[in-house]
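In the two assemblies presented below, subunit A is common to both, partnered first by subunit B and then by subunit C.
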Partner chain A sequence: MLDDLSGRAPKTIAARQAWLGVLARASLEEMRSNLADAPDLPDYTILRGPETGMAMARGRIGGGGAAFNLGEMTITRCSIRDATGRVGHGYAAGRDDAKVELIARLDAVLQNAATFAAFHAAIIVPLAKTRADRWAAIEAQAAQTNVNFFTLATMRT
Partner chain B sequence: MMDVRLPGFANNLESQRCFRAILQAMSHPGLIITLDINLTPPAPLSVATAAALLTLVDATVRVAMPENTGAGVDWLVFHTGARIAAAAEADFIVASAPPSLANLYPGTDEEPEAGATLILELPGFGCGPLFRLTGPGIESNIMLQAPLDAAFIADWRMNDALAPRGIDLLLCAGASIVGLPRSVTIEEV
Partner chain C sequence: MAYVAVKGGEVAIGAAHAWLARVRRGDPSLPQIDAVQIEAQLGRAVDRVMAEGALYDRHLAALAILQAQGDLIEAAFLLRAYRTTLPRLIDTEPVDTGAMRLHRRISAIFKDLPGGQRLGPTTDYTHRLLDFERPEPEPVITTIARTASPAPRATDLLGAEALLEPDPSGTGEPADLTMAALGFPAGRDLRLQTLARGDEGFLLALGYSTQRGYGNTHPFVGELRVGEVAVAITPPELGFAIEIGDITLTECQMVNQFAGSKAVPPQFTRGYGLCFGHADRRAIAMALVDRSMRAEDLGEDVKAPAQNAEFVLSHCDNVEATGFVEHLKLPHHVDFQSALETIRAMRRDAEASDARL
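Up next is the complex of A and B:
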């Protein structure tokens, strides 16, 4: 979950990771609809991209817990510099150029203490809530099928 | 932390155009070729040097930029993924004062193509001493006026003894380049 950052200028890497994580998982449509409640984004210059490439996803999927190359995934990235001179980066799975460009623009305004609060409240908080609600619904559905093997557990001990 | 404020090439076509121009320069030694490119490089890199680096360098290449620190190096690494190395191990060396060619990697007899390329930044062409260039790719001879010093020309003769190994040279000034492959003989007139 997101830390409560309302009204404060985030300086930590963890805060930036949190908002970039929320943006990367959101869809372009969700971001655009939330943008209506936010101030206008400043002008920007593209430094790199948007460009699509591959990255090796690694995970601990075996029983032994060793890292394993799961497979390559498609990622798209973009870096911009906005009118205030801040550099924003956007990375997301898939090949949606417009989405990563918007993530990069939002990353730049979120680093700015003057604009952070407005954009955080208008975009990041609702997107995080949408995602949390979606997960809660999935978990609630899964919980209905949860079976507790009381008897077996008792017999073993 | 990396601080990159300037864009690289706007699209792949610019990179392809520069590659074509560098190919022309290397196959027509001594010919001054102006790059048709709109690029703002970080100081003190010239447009030609920056464009050549963006075109030729990727993550498999080692680059030495002994005279550049900070912005120039960050910019190159950000846009190309280049690995920064010492001049002796580098595939590309960027300098405005020529280093001793004997200290650069000339390749091996089995892999002469692995020899280093020196990208030399000059204030301009058409000034300084006049040189006569002869060798493969030049029908009889071609004249080039460039601010290269006598010590460097003497050093360049080392390439004759090393053949087929050697160092290739790319002269850059403003947005113009001159290619001097290792097979070219340079004599002051």
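Up next is the complex of A and C:
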């Protein structure tokens, strides 16, 4: 459609999945504060959006069985083409247009071998660390509530 | 009977709305609360409104609660109305609850569950004493930074022994209540979608009824887990899955003793509950009712309300229910006028026949 990735190596896809996953979970403020350490983003034109709609979140019956529709969630998307001709896509849960537009711009520069390293170091690495720290803090709290129940002798033997 | 529209009353309605706005604001000398505070501090209300509004967006749910003065059914209604303004862009990949970052995970059947039990931020062991002091919470101890290791679902462990029925497989597109009206017989996919957005009180009462003997299913909570799961979509322009964020879910695996039937050997059967947010009660009740409605498929007698899928699914949606129940208070002047005429005519007929005797 907007972009054809069929000829690319799986490794590239995995890298792109990783940065899009990091960006989707960051807030606009977090992204903007890291932009200060990055080169200027190229000019761009909007191809689509930013627009907010819904994604139908699906689960599996019993946890691992056939899919069912659990309920919808808000999602925002945006696609851009930057001055180098690269197409970037931004998707994130929620309704933050500005954030998703910025994700699309970053997706474009991260696909460019010439600018990847600078943007990856300035934006993706610190945001990934923020995410990991946040998860570790939650896990630390959760782990403190780990419990061993003891069974007392009952009348039933 | 048909509802006949009325005209007039604009001025009174305007004044009623103005008063409502003042009541909603409350005493102007007190600080106004904001949706962000509701989102942060009334999390269980937000979870319920997202579930019953069938739209996961914490901030919108908080906004709806504020606008509805804390009336959670009204808030769910506002959320349902809002969602009709949004286009459906995509379906997500089914979430993997086995990879959930666990806040809470308990099993009532396995003491030594591989992966362990954790209580999470639960009210289970509180004394339910009203706290007038409201002490500041203790600060988080983050010194034990560690990485979460996903724990397998308890039912996957039991399943290996074949004493537990497996997850039903299937690869087709699941039914979608938001695209086609509820119809019967309803498959398990459609049932679960309907229950996931069903009224918590209704599900709770029906689940309770099964425990009290109206269609007993001998349930055990195999596992209850609460935590965050990654949500992924596969946009057509990319052709591969990308994550768009995380949502908090509660999952309940109910394990039910089953004596067997002509078609099915004795084994443990299962009920499943999955819902938005942290909602133990909703997930457990949903799993009870899901299992109850499988009575017919498992060859059990269908005698109790909770076993009747058509009854349960047709009445569990509180937005639909409140619309039909509450519309009774709107002007029915013409309706009633005709009922009045009918009663008067019947009276006249009865009096006339009495006089003839």
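The definition used in the following text is that the second predicted complex is superposed on the first by the 131 of 157 C-alpha atoms of A that agree within 3 Å, B and C clash if a C-alpha of one lies under 4 Å from a C-alpha of the other, contacts with A are read in each partner's own complex, and residues count from 1 in each chain.
As a convention for this text, contacts are C-beta pairs under 8 Å (C-beta built on N, C-alpha and C of every residue); 3 or more make two chains touch, one makes a residue touch a chain.
The shown structure was predicted, so the numbers you read here are calculated from the model rather than taken from an experiment.
In the superposition on chain A, A:M54 contacts subunit C only, with no contact to subunit B. Within the superposed three-chain model, A:I13 lies in touch with subunit C and out of touch with subunit B [touch as defined at top]. With both complexes placed on chain A, subunit A has more residues touched by C than by the other of subunit B and subunit C. In the superposed model, A:A140 lies in contact with subunit C only, and not with subunit B. Of the two partner chains, subunit C is the only one touched by A:G65; subunit B is not.
Of the two partner chains placed by the overlay, neither subunit B nor subunit C lies in contact with A:A83.
In the superposition on chain A, A:I46 contacts subunit B only, with no contact to subunit C. In the superposition on chain A, subunit A positions 79 are in contact with subunit B in one complex as well as with subunit C in the other. Contact residues of subunit A toward subunit B in the complex are 45-48, 79, 81, 85, 87. Listed in rising order, the residues of subunit C touching subunit A in the complex are 50-51, 54-57, 59-60, 83, 86-95, 97-98, 101-104, 111, 116-122, 140-148, 153, 155-156, 166-172, 174-178, 188-190, 192-193, 196-197, 230-231, 233, 235-247, 249, 251, 253, 270, 272, 274-276.
Interface residues of subunit B facing subunit A in the complex, by the touch rule stated above, are 3-8, 10, 78-79.
Per the touch definition, subunit A reaches subunit C in the complex via residues 1-3, 5-6, 13, 16-17, 20-21, 24-25, 51-75, 77, 79, 89, 91-95, 133, 135-151.
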